[in-house]
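The first chain written gets the first letter, and so on, giving A, B and C; residue counts start at 1 in each chain.
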Amino acid sequence: MTDFFHYLTVLSSGVRYTLELTFAAVGLGLVLAIPVTAARRSSSRAYRFLGTAFVELLRAIPPLPWLFLVFFALPTMGLTPLQPMTAGILVFGIISAAYLTEIYRAGFRAVPAGQAEAAAALGLGPFHTYARILVPQAVKTALPLALAYFIGALKDSAIVSVIGVQDISARAVAQNVANSNGLIVFLAAAAIYLCLSLPVALFGRWLSYRLGTQNAVRVGA
Amino acid sequence: METAANRARPFLEADKVSVAFHGKAAVDEISLTVTAGEVVSIIGPSGSGKSTFLRCINHLQVPTSGTISVDGVSVVDRPGQHPKAKDLARLRRKVGMVFQSFNLFPHLTALENVTLAQVHAMGRNKSDAEERGRELLAQVGLADRANHRPSQCSGGQQQRIAIARALALDPKVVLFDEPTSALDPELGADVLKVMRDLANSGMTMIVVTHEMHFAEDVGDRVVFIADGKVVEQGNPAEVLRHPQHERTQRFLKAVLDR
Amino acid sequence: MNIHAWPDYLSQLWPGLRTSFLLLVALVALGTPLSLLLASTQRSHRKAVRWTTIGIVEFARGMPSLVLLYLVYFGLPSFNLTLGAFTAASVALAINYAGYTSDAIKSGLDAVPMGQVEASEALGLSRGVTMRRVILPQAVRIITPPMLSWIIVYFQTTSIAFAISVPELMSKAYSIASVNFQYLGVFAVAGLLYAVVSIPGSQLVSALERRQQRGTP
């Protein structure tokens, strides 16, 4: 038991990196997903195709190959090698843009078509229609989904340990190599991830209860 | 054999059965005795507890207090006790049930609906079960529907399949929970005819219903339930034509004036 | 970028893809019965059983798949039980998969109307027969599309078995690339192999979902 608490303190030095990576990546994704969503909802067939291709391709290939492409392959093309952390943020940022696009779309789909029609009938322009009418209603559906996605991203981010980001998982691997006490080390790592995701999960549950949008749409893990 | 003596023997006895939901009594100390071969109609306003009481008889609803015995079988000695699976199975072999919404198994054909419990609850072999199943489907006038799925049958046909399914276990008593309420009057007529034939064959039946003609013509007794209590019971013609209680009068007036 | 070498990479990566598939088959074969068990115990009338199940499910999916993988691979030796990398990956991912999919199975089971259970009870069918002959056949239709999309997700997740050197697609790609230094080509081909399986898979799922929406009365 004392071992467990010992590892807990040792591993928590990685929490910073895990959180930094997840927040930066999801933040990047939240912004990048806006133009992609616009493309997917566009009336232009070409934009729609590009948007769809972006989302489908990013979701059809697991994070690890993307990570290796960015971290190992880009430098062979004459680009400056990226820091592991930067590569991680970039890869997970772009991947989360794809998933968040789907979440934004689910949010807009949940707004009845009559709302946009009513706004148009009142003479509102596209900007005001989105900003004042559609987005505030779409948020109700999208926010709980985005929180669930955030938890998924927090856990998925563990894979950046294989390119050397010193996150929780990387520290756990190092402790395991040094002490070969895998059971306790990785239980401690699991406990830390659980502590990080639990508050978000509870907040998400409370939020969807408040917003009355339980079990809206499922998104990939 | 239908002798006067065994006709008078109480076959089903419910003694002070109560069911409370969240502290509110839905069924309030209902006692009912039914003799073998008797057809009892239970009438009353919706929400009066009549269906809940009916469901207590085969223990789909666990009574909060009171006891029930059917043909000498009672699954619990005291209320709140967890019934043994064996006793429950014995009870349900004796009691058939027909639901308002049929509850046929949608993924099985009519014949499979009728044979499933024969094979898995009674242990009949498959060919005997199918033979009996076809016989029963013929009896309810649906021999030609044996290989159809419920979704390919009309509501009235579905309910008749459900009756055949309930009869397949050779029950001693059949409970009907508003069997025609979900049906158009025309489709309901076929179901009522099957029930009439069944009553004429001597089957003991307890029928929760809004069909006053059925209650009067076929039933041996009418029980009027309101607010979880038996208000009045007796000979159908008397209860339906000359109700004694004000509550019964009010209910019948509302039903008959429609 | 030397596209002409890609067919060559493809043939070298092939055994890795086969191992990824075997891993997927193993984890689904182990995980699905576990998931079914967790789904039915989550529906238990006993509070203790229900809460124990919820605890197991939250444990199974509360940590990163990678950490669960390490936990099984490096942790089980503490119980004098050492699993090979492939077996450890199958077990770990099966637990993870069961944690996530048990919800999909549970909602499929919940979607079967209560009247079906009551009719089965009234007919004196045992719980086992009711589950096998009445509820499951009806639930399977509802459960199939979400389960398929989880299987696609887990096809991609097999890539993390790289971390314990299971010779699956990513491990193969990594070892090829670290010899010929053609990182771009090798990883691009590996990535496309995942996409070539996943994209038609998701399209199948959407087709099934559309058919079901039409089919429901």
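The rule is short, and it goes like this: contacts are C-beta pairs under 8 Å (C-beta built on N, C-alpha and C of every residue); 3 or more make two chains touch, one makes a residue touch a chain.
The structure displayed is predicted, hence computed values, not measured ones.
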Quick one: label the inter-chain contact graph as line, ring, star, complete or other.
-> line
Centre-most chain, if every chain is reduced to its averaged C-alpha atoms = C
Rounded to the nearest Å, the gap separating the Cα centres of chain B and chain C is 46
Starting from the mean Cα coordinates of chain A and chain B, work out the distance between those two points in Å.
-> 56
Between chain A and chain C, what's the gap in Å when you average each chain's C-alpha atoms?
-> 21
In the complex formed with chain A, which residues of chain C make contact?
-> 58-59, 62-68, 70-71, 73-79, 100, 107, 146, 149-150, 153, 156-157, 159-160, 162-163, 170, 173-174, 177, 181-184, 187-188, 190-192, 194-195, 198-199, 202
Which residues of chain C touch chain B in the complex?
-> 113, 115-116, 118-119, 121-126, 129, 133-134, 137-138, 217
Touching chain C in the complex, chain B uses residues 58, 60, 85, 88-89, 92-93, 95-97, 99, 101, 103-107, 116-117, 120-122, 151, 165-166, 169
Interface residues, chain A side, partner chain C - complex | 56-57, 59-66, 68-69, 72-73, 76-77, 155-159, 161-162, 169, 172-173, 176, 180-187, 189-190, 193-194, 197-198, 215, 218, 220-221
